[in-house]
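Shared chain: subunit A. Partners: subunit B in the first complex, subunit C in the second.
Let's look at the complex of A and B:
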């Protein structure tokens, strides 16, 4: 006698319930086993205090024709396996450029000699930041990493971050602009963005392996982008919404078209916020480096994993601190660039 | 209200029952794979119900568990410990007398090896030896699925790859980032009925679910295999994987504190076939490891009742019969 047997009896569903009886045998649970070990063969009438929530499993115990919760997870799995071929046809070509970009970037940093690579990065730093101090910081940090033979790993990580952050900006800024212009899209997108930041990456990465080959770099590319795109979308949206209505009114008064208003007024005024979003996006891609290495991304993440798995504490610490150094570099460079944008606006 | 009081009374009676036997708190590891969960759940059930211990199950993994024993002398019991996956730390702990191996929890031991799917082996029987694979890399998908960085098998595989000159026929070695992607690549290949060739081990839920055939690497030579276990050896040799020792180990303190429980744990051995059967049952019934444990305890009392002492056997007599 289980707590919900009476419920099904009184609803006249007993015949339907028992029709499912021969189809399934519910495995014994640990609590039932412990009760049996203590010699409590008869399940006592369950008191109100102990009545279980009418979950699928509890109802199934009273009525074998009811599905169990495990049928839900199995159904989901079967459903995914059934549609995976169709999904692969759509998603595979769509994401192929990502694999191509990551492969090119990785073989690029691999092929270029160190002095060329570091020189280019210093030039790039000067180009964005225009600050001798920041260039010196970058030179010192990269030199330091190279000095302890972490140059290759650091460059691989940087290459992955650059590609992913670039795609995040490429997709995230237009999405943020669209969200700023349509309240309905914004309402739809906010839960999606929340989900992207909280859903454990492996939950969607493992199904992706069923769609693409494990050797594809896009697997970790997708993981990084889905996680890191959120701040740039949010801050672009926010930045454009924060543009003062008077300014937009003035633009209207000048008879500007929507497009002129967007590119001539709203985006330039929102630039500090967008840049802050880019900065956060880069930081978040770095946070994903270790997770990406779990799906075979090269770089410092591999060393962190090796350190953890082999108890080579030093290897793990040095690689982890290497990631921190890269984070500080990227943060300082983008922050100084942001200050330049702000300063230019005030003039 | 009366029923509620009755429930409270039962609870009141059953609590001293657990304390009746002379056993205190025991912490036991639970490794994060199927067979280890069954082993741990079985041990926990017997210790709680048969010996009256207060068992704390600690979710863990091989290396963290050993590190924890080294630093904190906790947890008390480490089970389904794959000796080959531990670092030198374990041997150091044994030499210092802080950890004691009680016995093999899997008999004859873990099965490691290089595998291909059964359907591939039936279509191309020549692929069941490693020479056949080297000669026909395209038939196995052109790729060897290697262990992730930091696993014990990675070192052995890398040495075997050099000794066999595995890549000479054009086979590509792909080193996975994690065990999860290694497992998923096998599952994905099965779903598409595509070729797959790589390292895996049993007993695992995956090899219980998917029918795999072991690729013959060569004769087993313990000395060569041991030598292959060192990173980047100068003279890697060819040897198949011998059965891997899989242990239950306890801290020396625990053995002194709970000799009766330690005695039971030393006898706790699952035959690999039994374990494979349990994992297959788990898969067929879409069951949890806990339910598989209950299935084992209820259907095979002859196996586990031999592990117990007389007191414990009396306490669990309702299940043994």
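Let's look at the complex of A and C:
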């Protein structure tokens, strides 16, 4: 006799309930096990104070035909597994270039000699930041990481971030532009972006593991991109919407086509905001690349993971600090580049 | 200023133009046609009446000034001419072509080649140099870099910005920025120039400079200019044809001198009560026909001289009478007593206006 047995009886559903009894083997709760051990066949009447919430499991105990909560998770899993193969047929070729890009980047940084890589990175820094101080900071940090033999790991992490951030910009900027031009798309996209941003990073990995082979780099590539694309989309949309209406009106008054207006006026004027989005996207890629080491992403995250798994305190901490150094580098370089854009386009 | 007899053909014609802002403008339009006024429409029907049965004939080569206080619909009106705002009902033609029937491509062509615009807040592209800004119209049309630079430089020099081509707008003062705005409009070589409160954001002295520059350019190029302002002195200085707008409706329009001498509405009387009439009124507006009175002075006055000029000339003597000339030909007689009378007259002149 469970608290809700009476409920089903009074509703006249007893026959339906019992018809389900055969098919189910309900796992016994601890209380029921204890009761069985004591030789009690019936659970005693429960006082109002102890009445459980009428959850699926509680109702199932009273009426075996009711589904249990674990049926929900199992159903979800079944459903996903059923569509997985079809989904993979579509997604696999679509995302294959990502695997290819990540592999190329990783083998590229692996094959290039250290002096060439560091030289190229310093040149790139100079190209976007035009600041001797920032170049010196980058040289010092990379040199430091290489000195403690973390060069390979750091380069792998950087390679993954570069590829993923590049794809984020490639997809995110056009999406942001489309959102700025269509209120309907914006209304539809904002909940999606909110979800991508608030979903715990680990959760991204679960369905991806089922969809793609763990040996494919795109597995973690997609996780990183989904997580990191949000700021660049949001800030592109915002940046274009913030372009002064007077200037847009002037563009219209001089007969610009939509395309001339977009590339000649709106995007250049939204550039500071877009760059701020790129900065955020890079920082979020870095956060995710560490978590992605759970699904075979190489780089400093692997060392952090080793630190946790094997309780190698020193290894984990040094790798963690290495990530901090990379974060500072990427942030400084992109911020200085952003300032440069701001200074050139100040109103 | 031109005589009414030899007026140029109509360049832009606006007929029965209505603009109503709100969820269901067409329904509100019926109410407006039934005679509901702006405050009632807003309070009872939730629609804002932007323009109410506006009819204006803007003539080629003239400056048509639309004047009104804020909320009178003047900025709305000018944006209808190049369809930055779509009307609720009415008709707009430019050189006989129906602007409202234009396809998007035709409309772009109209905006690129036949109309240019100057904005109150300058609306320059902050990321482009002064030269690139001035060349906007040509760049939009796809002219070569060299053409753009040559034409833009020419007009930048004309508005007094020699050597500023490589600066960025934010490096210039407000007055200079608006000169860039003016150069940008001139570079398009459009026959029509729309000026939306173009000088309102400038200091008084710079504003006067810009007005004189505009008048110079106008004499030189004979453009058809539509000028929006809330400043009566500016309106009187620039206008060949003055349109006074209130609550989206035209209160009075015509030659500015005529409006000054014969205001037909208490609203306008109120408006013009504060201005210096001696500085604005001109001899031709108050002169009599030649021979209507004996000429007492040897000197003659030009028909376009302001009354202030004549007062200086006469040394304040009200008994004098001058011959009035235009291009050295006598066109009338100025009696100083008429002049003095014109200085104080400002009651609504119903009998004259009729």
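Please note the rule applied: the second predicted complex is superposed on the first by the 320 of 347 C-alpha atoms of A that agree within 3 Å, B and C clash if a C-alpha of one lies under 4 Å from a C-alpha of the other, contacts with A are read in each partner's own complex, and residues count from 1 in each chain.
Just so we're on the same page, a residue touches a chain if its C-beta (ideal position, glycine included) is under 8 Å from a C-beta of that chain, and two chains touch if they have at least 3 such contacts.
Worth saying up front: this structure is predicted, and the values here are computed from it rather than measured.
In the superposed pair of complexes, A:260 makes contact with subunit C only, with no contact to subunit B. In the superposition on chain A, no contact is made by A:105 with either subunit B or subunit C.
Set against each other, subunit B and subunit C touch different numbers of residues in subunit A, with B touching more.
Applying the stated contact rule after C-alpha superposition, one finds that A:74 touches subunit B and leaves subunit C untouched. Touch criterion met: A:269 reaches subunit C, while subunit B stays clear of it. Of the two partner chains placed by the overlay, neither subunit B nor subunit C lies in contact with A:118. When the shared chain is aligned, subunit C comes close enough to touch A:250, but subunit B does not. No residue of subunit A contacts both subunit B in one complex and subunit C in the other. Subunit C meets subunit A in the complex at residues 82, 84, 107-113, 115-117, 119, 121-127, 136-137, 139-140, 170, 184, 188, 194. Those residues of subunit A that touch subunit C in the complex are listed here as 244, 246-247, 249-257, 260, 264-265, 268-269, 271, 344-347. Across the complex, subunit A is touched by residues 3-4, 6-7, 10, 14, 17, 41, 45, 48-49, 63, 66-67, 87, 89, 143, 145, 148-151, 174-178, 180-181, 184-185, 187-188, 191, 285-287, 290-295, 297-298, 315-316, 318-319 of subunit B.
Subunit A meets subunit B in the complex at residues 27-30, 32-34, 36-39, 41, 44-50, 70-71, 73-74, 81, 84, 202, 206, 209-210, 214-215, 292-297, 302, 305-311.
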